[in-house]
Each structure stands twice: as structure tokens, then as C-alpha cells.
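Which chain is which? They are A, B, C, D, E and F, in the order written, and residues in each are numbered from 1.
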């Protein structure tokens, strides 16, 4: 009997001493949170509602898995995010085959979160773009008397006809306009470019007064400035702004994990800089990030890293807003 | 003006002279077929009904795309398939988000094809395994008084509970048994092995008298012989046999394009040899191949090639049957 | 007998209603075209003439396969391409082992097309860069009295010695100069940079007065402006301008499917913007795109998408030209 | 205020009802285990001791991550593993640059576990093959008076000289023999084949009476039978048998995730069947699985699935042993 | 000035002490060889003669690069290859675009090597299958009065019409028969199976008395035995036997780096075991290995490893022959 | 006997005529060099000192392998590098498991090279970032009375605690400061951005007066200008400047082969342009490039190409410096 081994060596059952300097140690479970959350993050892991085969349902898990590679300290802005209370509400549980039921659950979960935590911003991690319609409807349910505006960063208008496709990922903006949840004039799409919206969709957008700002024009005026101005103008007539970031707005060379991304799209710098402004802008209450399919990502997880970075830029903006 | 170039050179607008020696030149469109088809092939391109993310909906297209790499002449059996009338009915058009509607269309298309062409065998190309339930229900609809038996080559029982999942790809056999379309005792599953069926599923199978033949036991008695014997016994009590081949029955080392495949599975030789027998057996009227996801396949399309080969082995068997 | 199934259900033999809003529905077969074509597109699928192993011969097929992902409506320019008659003449049929014969066929097909449709622009889809020499010779054959200028977007001079390599992909410009089809001074190469042209090649270029504009210098003057100016100057002394785009001019980070691409190359924005100008410029009659190897492309087909986009930018320019 | 949303919907904060029918719900943390463990599993995540670049350190994590794809019920043997107490002791914490220290920790952790839980089998998940030397030394430390035999399934002898390489992954067996922890004659290597052991290593093995059984000869006598016989003979002269499975013993076509695997190796059936016997054999007290590098594995995780399957076969054997 | 550093440290300009125990240290350059070679290896790196895009021209380099992973000691046969004089004649230099010239060079190099080293066996490393016709013609040129027999391990007959394709990789056997270099009856093809030879090719083979042995029939009689018997019968009527191994004879699951490989092909064990016999057989004077495309191989170089292993099995057979 | 074949054909044993126009023909072995070297390149192929699994040890070999794709002529600068004497000292031989010994060898080799060739610049090719500490210590050993400054292009500070990790790749700068080899104020880090340095590391940097220039701020002042200014200021107080380029400073979209790269990083243009300046600056005596892992690189070797290009830009700068 070797006396030495009556106790386990420390390196066998080691306790990872908390390093609250990384994102995964900072974000807390909403159920366990003490105090009020400043920002809630929750997942909507559905992509069987996509027109093409998509693994975007895998994104919420991958998004959280990469948190450990990001410090809470933003060197560029000299800001530490830990002062903010960010809480993770987990994922809305999806049904295997009943897409409408899954959508309803996203809607109701959003209604619950926004109503129960009225002081908190929400950030939803998709899933494909169909989840945006659910979330906005949920917010409308919670705040039926408020007028909601949408800032959409997207290569596509997403106004295809749900009568044809059902509530698929090409339809959310049309669902909201046709269903009178949001007025067409309260939707601003920035980032459109190239050959990726058929003419009838443009006509729908014009008819419903959706504000279309091409990437080319946005860049002429300064991309970040355009985003900022749009928010200011939007906030003059709506009560709260919902920002939806379809990751296919990014140029395909920086977004291998977004199958619908295209050449001629946004740079990551443009995305990151505008998210700082979006985070800062007081009218913005909700944001989502959709259509990132980790199963297509590069070996070094380029796109998921970009997704986490983008979200943290929004959070940095929030810190600055609250100052 | 160069007189020489008043007519297009022959190598510009060349006509591919038909080479009826390859599969793509031999199979005809059902709509254009003269005479009665011996075998109908049709696609059921749905995989949003899968529990996991799946691109099996892409298989029917890839399956046909590789036909041009296969001659109609089977060297091993010294048989030329061209004597058989094989007709392609195209793909059943799927809805983007209404899975139940898509399933109904598969059922009704199968009902139509089997009723309208009573002399023809059918071979359906999935899609995920949920399509099998649709097809068998469609056949039952066309032949309500016939008793249908199922021979299932599969690593899984596929008797998960539709009350929980809806008509997902883990549930088809249970749908058919619970819905009284097929009796449990008329289902023979060959190929089960390892750790891939939870105990409650085994209990369901036993309770409903599903015949479970493990791969290990099938091999002891000779795999092909076991298949053959099972067909003979099944045919004694049913009117027609439906064979469903879940490609995940194959060993994962030969089926990179089937995400649910496992180590310890079937060899391609075992699959190919049994399909010869299945094709020959007079009681077999229908077959399907499911769960092959071309987006996961190897660079040289190993799994899709195997899928085409497997189907051609069944066709070779048919030729031998008709002799 | 179930009366319901005497007719095929509509979703089985569905007719795809034409959506003339996408490129694949808009471009017509040259043989079937009514009226005069404004632009002819044809493929030159050869890459066994490449110094390194290349699958560029697969590009024409992949190029057309991705048309369905592009709308005919250009949002940035508010232009719909459908007013233009674009006709597809198919691919020139290549011989398996006789490279000279294949080259001759490209030359003769180009001679035929340019002579028979004198009002049409031509756009040839390679293949490796050897095809450019064939096409220019073909045009010279059709218009022996015209002086042809070449605008080349390329990382390389492509003046390696055919006496050593035969008519390989590193030699087309030298073939044309040595063969007196084109004068050296009528060749403008924009996009050269870095360490990718050995000194003897530079000396050849200088000796023959090829105009070399490095990417660095082009950017100093404005890349698009440089292209535009070069065209204007070139058009003052030649009768028609042939533009050849070697896709290896693109930076390797945006062109994974071009094995010869390098760091320090063109951005897609620079390429797309210059193609608008090139399309607009009245002296430009012919264009080709070469050296894109789809077998090396990323999972989401980044480079082929870029190739289609580039071609559509040229077409957009044509629309503006004709206004 | 919408009363409905005062409580969170059940699908937001859903509790995963335990399904004790899958491996991940069955294996418990050693620290939390009530009762005595029958088998302990622990990780030794080191591969910077590999001669070639290796990511085998990532295997313990991937090994556990795939547990959820395996049921506890073994269909072939009609055995449910849940009756066995299997406990997970976690991973031994490795140092970043001090390889000797890391090795010492593995040794001491093994000494602790084997001494503190004398009734338990141990299964160590590597890491590269250097960890085997550590584990065996640890066992010797805990049971200094026992004679230890080794059954090695491996394509290589692993008797390279530590004087040259240090305690690298090519040296463990030589470390143990030269260090007098194990006698050469008590080492049986089964699975050697081909051209993968240089002659001086063969000479070392012969000089120290290592029993070398080539795969060819093992197959002639029946592979499983050879393994079984070797265990029986070994157990006649040693007190406990340590089994080490270098996954490179598998044929390269079934083990893409083992860079050192070769053509001409073991089939998975041979591995799985022998592990049943190994598990059953009363003299076997310890096992390890090494050299599986998940970063090289196929998209569908073929090799890690095989690794989990292999371990479960050993566990199934244990259940049969205890009967 | 630090005296210590006036001499370079030994680990900076280290001399790799020869380890003649690995293949790369054993095989010598033919030009530097003292004494007569027993076996000559040379490369024929051409694949632009392939019907499909192929990188088989890269194989000779990759083949040699992997030598360092193989010991000269064959454990199964207890044979050390170092007693044999194996010499590397390098690669025949290919022309970039003149395929006929490249072919002529292979022919002439083979003529030179076989005539100048009449006591040596030759092993040629392709390249695509077109090189076999060149090599056999070269041998005929060197030994015009000898009758040459061919043993072909191949999934295809390779008797497509050179009148249509030129001397492409589908035509070598037909070139040799039509050109009267070899009689049809002196060609034995073993390994044919499935749907990979169109009927007209079978008819050509029958008409010219090519001996076709399907894989199925070969296996019934014992694959190795069939090979052995075929060699014996062939050697009764020919003066020397040329063996050509088209690597596409291997099953696609073990040959990811052979784009033309198919399901239902040869196992590596069957290939390795027959090469031992082929090496032993006194009538065999020449061998080649063709159609392996390393650019398609798996990350762990499975197919190239198999190619080197196969060649070494032939060499092992030679050692046994000479005993 | 065919007289023709008594001599080997020229294309069999061809001599590659030197083309001194490419990098691989220009750089000479240091041992064989006549005259004094202007620049020495040597490899430090270690990456088992990396915190994460890394194949950066493979970089020196890949770096040299790609030289043949680069001409010595720099078109942008109209400079031919051949006038410079660049000598390759080979790789420092690493030990398999003794990391400290390997590090000592790098240190001593650097001491030897810098002392023995005092007129030469040195460029070291890593390996991971741990090698920088070794090299700087070696230089200090050779020139103990000189004050060394460091210009670091890096996304990270690399001041993690060696007391915790040993001399791992996250620690080199801290090793040098804590060991008093370099003063904190003599370290300038340019390129920091985002969320990739935990707060305690920032605090260490501030405490030791490391100059941190974020990428954002560098760009505001002009990236190249910032680099240039930093060198000028640094050179006012130090005797020689060591430049270390951690390739993870590059944006992840242009550096797939650098696992630690991130979104929001440097462009290749910024890197290339600053290396011109760095090469020109008279105070710079040493440079290294680290953390590039070729096993993760893209199919077309994007990152290794970028690495060679970067090194050549530094060499071009040297040429300009010497003018």
C-alpha cells in the first residue's frame, strides 16, 4: 500500500479556477442570474424551414462553444464588457417535423422574455431567417401598442411569398408587412447589391415603401454613417427598433460558412463598425443574427469566429450606450 | 468574307449521337414512354423531416447525374439491362415548409403510379426514411385489400414515436404498424447490430413481433441466404413485399455519404449480392433507397456510385426474374 | 379501383413555370434564337494544355449551372438585362488527346461566330489561357484587315516560349505577337504584381512594347480609371478590342478556385467595377474568362459565383452602352 | 400586459428528461459515484510527445462527445451495459511544455486510481502511445510485487530508443523493458505486418523475447482465437494483463483519423470481436486506446465512432465476464 | 566575442546519418549505381492524355516522397529487400502540349532501359493508362522477336477506339492489339466487374480473344490462385509477361485517390497477395502501376501508401524468386 | 540489337538547366556560399511548445518548397533580388520530447550565426512563437552589450506567464522582459485588436511600458507610416531592432493556415507594404515569421504563398536599403 496515493493528485480532479476574463465565464444562465439582465441571448435553432439544405440550426451551439476564445476586454475601445449583465436563456426547443409549432414557440418565448425582462435588450441567435418573423411577432404580442421598426442588413429583401413557400427563410419581412405587424416604410434594408433579388421582389418592396439602400450607395455616404442615419430617422417614427443581421450580407470571401453569401458583399470591418453604432443607438432594443451554417465553415471556424465577434461589437456598443 | 465560315463547324453544334449502352440513354421519361414500363423510378426529395441536419433531399438529382458512368451491360451476370423498360417519373414536388403536405404528395404519387401501372415494379429514391411510410400508405391506398410485407435493410428499427417527433425519419415502421397499414409480424429487419437502438425500441419491436435479424446472425447463416429465406417466408403470408434499403445499413467505411452509418455494418458485396436476389424474388413489387446525403460524400462520389450500383443490381435481378 | 388516381397528381409531373427573372431562363440557345444576338456566349473547355494539372475544362458547365442563382435584375445599376439578346452557342467539342486540333476548332468556331453574327459581341468561357490565342486568331481570320488590340487583366504576361512548351497556357500573348496577329504595342496588361514573372519574360515584353501596368500603379491612378483610359487609348489605334480576363489576376483570398492566383492580387470590387466600364466601352467586341478550375473551388462555390458575377457585370455594361 | 407570459413557456427552459438508455446518461462522474466502480475511464490528453505532429490530445473530449450516439443496449449480445458501474475520472491535467511532468502526472494518477479502486478495471483514453509507459509504471508503483503482462494490438513494436527520442510515442514498450517494469517475454504484440518496423527494432524485439505475432499468422489461426490464446498463456505467468490498443493497428481504409495507420491492417470486425474476448478474460485489468487524432477524422467522424464502439465492446465483454 | 560560437553547433548543420533500413535510403539512382540493377523503377508522369481531368502525373513524385515511411524489412515474409539492387532511373521528361511526343519518349526510354539492362526487371510508375501502350511498344522495339503477354489487373478493358480518342487512357490494349504488338489472346484481364464496360467493348474483347476473368469468377477459384494460373498458362506461349496494374481495379472504399475506381472492386489484401505471386513468377519481366491521382487522395495519403505497399510486395516476390 | 538505344535518350536523364530567375535557384546553402551573406535564412521547426495543437513545425519545409513558384524579379519595385547574397543555413535540429533542449539549440544556433556573420541580417522561419524568445536571447548572448528593441506585428501580446505554461508560444515577450534581455519600453506591438488579450495581460503590458498600438489607431495614422515611425523612434534608443511577425496578425480570411488568426486583422497589402519599409530601415537586423501551420492551409496553399511573399518583400526592402 502506497500511502502517497490515498488522496487523488490535484491534477486529476482539478478545479478550473474561474477566469472571468473570457466570455464563457462571464455570461450567466438567465435562470441563475441575480439582478436584472442588461442583455438576454437565446437560440432559435431551426433551419428545416430553409429553402435550401441548411445546418444553421447548429449555430447557437457553435456560437457558445467559441466564447472561450474571446476575452471580455475590447482593446480597440478600451472597454471591459463584464460590467454588463448578459444572461443566456438557452435555446427554444424545436419540434422535429412541425415547423409551425417550432415557429410559435420562438414567438412565444420572445414574447415571454421581452415582457418579463422589459429592461433588457434581446439578442437571438438563429437558425435561418424565418425566425425573425417569429421574434418580431412575439415582441408585438408583448407590446401591442408599440410601433416596431426594422433595420435589416441583408443581401436579400426576404419578401418572397409565404403563400407559396410557407413561412420559409425567404419570407420573414413579407410575413410581417402582410400581417400588419410592421409597416413597409418602417423597414430599412442596407446591404443589397448585385443580382440576388428578382424583379418582382423589388416591385413588392417599392409598392410597400421598404427603404432599400444598396451597398454601393451606402458606401458612397459612408457605410457606418448610413446605418447610423437610418437608425436616427427610423427612431423618429417607431417606438423600438429591431435589427436583423442576415450573415449572408457578408462577402462570400469572409463568410465561407454562409452558403447564401455572395461576392460583392460587406466586409467584416463594415459589419463590426456598424454594430458598434447599432449597440450605441438608444432606439435599438433587439437584434438577431441568422443564416450562419457552421457545417460549411472553414477548418479554422472563420465564420463562427466572425459571428461571435459581431455580437460582441453590439455588446460593446451597449456598454457605450449605457455610459 | 471568308466563305468557309458560312456554316457552323460540326464541332460547335455537335449532336451527341445516342450511345444506348449507358444508363442515362436507356432510362426514358415515363411521360414519353411507349409501351408498358417494367420498372418505374421516381424521387422523393425530402430531408427536412430528418432528426439531424440532412441533405438527403439532394440524392435523386445526384443519383441520376451519375447514371452516365454506368453501362447497361452487367459483366458479372452477362446480362444487358436494355431489354427491360425502365421509366423515370421524375421527382415528387416538395413543399418548402409543410412537411405533412409533402408526405401526402409522396403517398398520392405512389398510389397513382402503382394503380396506373399495375404491371410495373416501383423504385423510389429518397429523401430520408420518412418517405417509406408515405409510399407504403400509398400502395395500401391503391390496393386496400392486399397484405403488404416489408423487408428492411437497416441499422435501426425506425420505430421511434411519431407522437413525439411527428412523421420524422426515425418513425416510418412505427407509423405503419400503429396505423395498421402493415402488421408488425410482416416486417423483417435484417442488418441490426451494435449499440444503435435504445432498449425501449427493442421492446416495441418485440411486442409487435417485428422480426429482428442481427447482422451477426444473418452472416452466420449466410447473409444472402438469410435475405432470400426471409423473402420466401414473408411471401407465404403477404400479397406483395416492399423492400426498404436504409443506406445507413452499410458500414461507415464504405458509406461516407450516410451520416448515420456506423462501424460494424454491411459490406457493399453483401448489399449488392442480396439485391440480385431481391430483384429475382417474385413477391417483391417495390423498393426504395433512403438516407444517402450527397453533400457529405467523398470527393470521388463513393456513396452515390454505390447507390447507383445497388439499384442496378436490383434491376439485374428483375431481368433474371423475368426470364 | 381508386378513381382519384386515374390522373397523375399535379405535383408529380409538374411543369416549372418559366421564371424569366433568372439568368438560366433568360439566356437562349443560339440555334433557337429568334432575332439577332447582342452577345454570344460559348465554352472552350480545354485545360490539358495547362502547364500544371488543371480542371479549368470543367468551368463552362459549372458556369452555366450557377446561372439559376442569379437574377437578371442588377440592383446597383437598376438595370434589367432581359432587354439584351444573349445567346448560348454551347461548347466547342474538344478532342481527347490532339491539343492542336482542339485549338483549331476553337479558332474556327470563333471565326464562324464572329463572321456570321457581325453585330454580336462574343464572350468565351475557358478553359485555360491557351484558348485566348485561338480566339484572337479566329477573329483575325474573320476580319483579316482589322487591327486587334488586347486588354489583358492578368497576374502574368503569358509570353512564355511556344517553341519550348507548345501552345500551352503560358504562351498565348507571345503566340499572337510572334505570329503577327497582334502587335506588342497593342497589348495592355493591367494587374501585374509581385514575383510572378521571370526577368526574361519582362525583357520580351519590353522588347515588344507590351504595355505593362502594375497593379500598384493602376491603383495609384484609380484602377477603374486606368482600365478606362487604356481602352480609350487602345481604341484610337485599333479596330476592335479583345479583353481577356485571366481569373488568376484576382487575389488568392477571393479566388480559391484559381490555383495560379497569388496574394497581392485584384479585389472582386476592382474586377466588377472595371467590367462595367469594359462593357460600356464601344471598342470592346470580345471578352473571355479563363483559368478558373471549379474542382479546386470552395464548398460554397465562391470562385464560380465570382465568375458568373463578373460576366454579368460585363453584360450590364453592354446594356448601358447600348442606351 | 399579457398574462399568458408571466411564466416561461416549457419549451424555453426545458429539462432534458434523463434517457438512461444512452451512454452519456449512464456513465457517471467518479467523484459523484455512489458504490464501487466496475470500470474507470480517464483521459491522458497528450500528443506533443509524438514524433509527428499529432492532435491525439483532442481524443478524450471527442470520445465523450460521441457517447450520446450510442445506446447502452448491445443488440448482438442482447446485453444492457447499465448494470455495470462505469465511472469517468476526467482527464489528467497536462502541462503545456513540460512533457516529463505531464507523463509523471499520468503515472501518478494511474497509481492513485488503481490503488484506491482495487476492484475496478481501468480504461485510459490517450493521447499518443507514450502514455502507455506512464500508466504501466503507475500500476507497477501501486502493485510493486505483481508481474504485469502486456497484450499490444499495434502495427508497430514501439521499441525505438528513448535515449535518442526521449519518452516519445515510438518508445513505450522499450521504456518498460529497459526499465524492468515488464519483461520482454511478457509482451505479446499481435497485428504486426508489412514494412513498418525497421530491422534493428525487430532485432531488439527478438533479443528481448517479445512475442511477435504477425497479422498474417494470427489470421491463419483465427484472429480472435489468437488473441484469446495469447491472453490465456500470458495469464499463466503474470498477475495482471494490461491491454494496449494502438488504433494504428486498424487498416487505413477504416481509420482515416489515425495518421500512422497503414494498408494491410486490422478490420473493425476483428478489433470488435477480440475486444469482446479481452473484456471477458479474467486476467485483463487495464486497457488503453491511443493514437487516434480526431482532427484528421472524416466528416462523419468514422474513426471516433469506431473508437467508442471498440471501448463498448470491451465493456460488453466485462458484463459477460461478471456473469 | 563569445569563443563558444566560433564553430557551428552540431544541431545546425547536422548530417543525417544514413539509415539504410528505409526504402528511400536503399533505392539508388541508376546513374550512380555500381553493379547491375535487379529492378529499375522509372516514372512516366503524364495524365493530360486522360479522358477525364486527372492529376496522375503527380504520382511518381508522391510515390517516391512516401518511401521514407516504409522499412525495407518485410515482417510477414521475414525478408529484407536490401539484398536486391533497385535503381531509380528518374522520370521521363514530358512535353507540355505534344502528347504524341511525350508518348514517344516513354516508348524510347523503355526501349533503352530494357535493352541496356537486359538482366533487370522494370517497374514503371504512371501517369495514366496510356503509358502502358508506350512501354510495351518500347519493349517490342528492344526485343522485336519476342512474344509479349499482358496480365492486366483492371476494372476496365481499355479497348476504346484510338481512332476516336487518340492514344488516350481508355485505349492502350486496343492500340497494342490493333498495332499487332500483342495478340489479343495473350492479354488476360482479371478484375472486371459490374457495369463499367459498355457492350461494344465486350464484343471487341471477345472478337480478339482477350481473356476476361471477372472478379467474381476469380474469387470463386481463389483470386491469387487465378492470377498464378493465368501467369503459368500465359508463360507457356509468350516469351515475357508484362503486368499492368490499373489502380482503379481497387474498390473505391480503399482507393479514394483513384477517381475511376468503383464499388465492388479488389481488396488491398487481394492486390498485395497477388503481387507477391507476380513478383515470384519467372516469366514476369515488367510491371506498371497507373491511374493513381494523388491530388484526390485522403488527408493521410491512403492511396499513395497503398501504391508503395503494392510495389514493395512485387519486390518481395522478386526476392523470393531469386532465391 | 537496336543501335539507337545504346545511349540514354536525353529526356530520360535530363539535366535541369539552371534558371537563376527563380528563388530556389538563387538562394544558396550557407555551407557552400562563396563570399559573405547579406541575409541568412534558417528554420526553427518546433511547435510542440504550442498551447493548442499546431503543425507550425512543418512550415520551414513548405516555405522552401514554394520558392520555385516565385521569380527573383519584383515587378512592382523593378528590382531583381539576385544581387543580394541570401544563404540558407538549414533547420536547427529539434529534439522529439525535450522542448527546453530544442529551445537552447535555437538560441545557440542564432548566437553562432549572428556572431559568425556579423554583416548579415538573419531571418528565422518558425515554428511557433516560442522561438522568438530563443532567438533574441541568442543575439543577446552574441552581443551582450547591445540594447535590443523589438517590433512585433501580432494580434496578441504574448506575455502569458511562463511560470504557468513553461516557455510556450504565448510567453516569449514576457520571457524576454522578465529575463531582462529586453526592456518593456523597447517592445512595440502593432496590430492588436478586438477581444484576444485578457485584461491581466494588458495590465502586465502597461506596467512594463510595452508600447501597444491597436490596428485601429495604426490605420488612422496610416499603417505603414506607423510602422516606419515606430522603427525610427525605437532606433533612437536601441542598437539593433528585431522584428517578429506572428502570422496570426493577418485577418483570418487571408490566413486560413494560421489557426489563431482572427477576424478584424491585417490585410496582406498592409503586411507587404510594411515589410518593404522594415527591410529598408537600417536599424533592423533580424526578422522572424512564426505560427503558420501548413497542415491547415487551403488547397492552393494560400497562406504559405503569403508567407513567402512577405519574406520576399523584406528582402526587396533590403535591396533598397543597400542602394
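Here is the rule we use: a residue touches a chain if its C-beta (ideal position, glycine included) is under 8 Å from a C-beta of that chain, and two chains touch if they have at least 3 such contacts.
The UniProt protein names, listed by chain, are A, B, C, D, E, F = Agmatinase family protein.
This one's a predicted model, so the numbers in the text were calculated from it and none came from an experiment.
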Intersection of contact partners for chain A and chain F: C, D
In terms of CA centroids, furthest away from chain D sits chain C
Find the pair in C-E, B-D or A-D that has over half of its contact pairs, by residue number, in common with A-F. B-D
Among all other chains, pick the one whose mean CA position is farthest from the mean CA position of chain A. E
Copy pair chain A, chain C: interface residue numbering same or different (half cut): different
How many angstrom lie between the CA centroids of chain D and chain E, rounded to a whole number? 39
Taking the mean of the CA coordinates per chain, how far is chain E from chain F in Å? 43
Going by residue number, chain B touches two or more other chains at 253
Okay, what are all the chain pairs that touch? A-B, A-C, A-D, A-F, B-C, B-D, B-E, C-E, C-F, D-E, D-F, E-F
Parts of chain E lying in touch with chain F, wherever the complex brings them together: 1-2, 4-9, 11-14, 31, 42, 89-90, 92-93, 105, 108-109, 111-113, 115-116, 141-142
Chain E-touching residues of chain C, taken from the complex the two chains share: 47-51, 53-55, 57-58, 95-100, 130, 165-168, 295
In the complex, the residues of chain E that touch chain D are 19, 21-23, 69-76, 80, 253-254, 268-269, 272, 298-300, 302, 305-306, 309, 312
In the complex, chain A touches chain C at residues 192-200, 202, 212, 214-216, 251-253, 256, 258-259, 261-264, 296
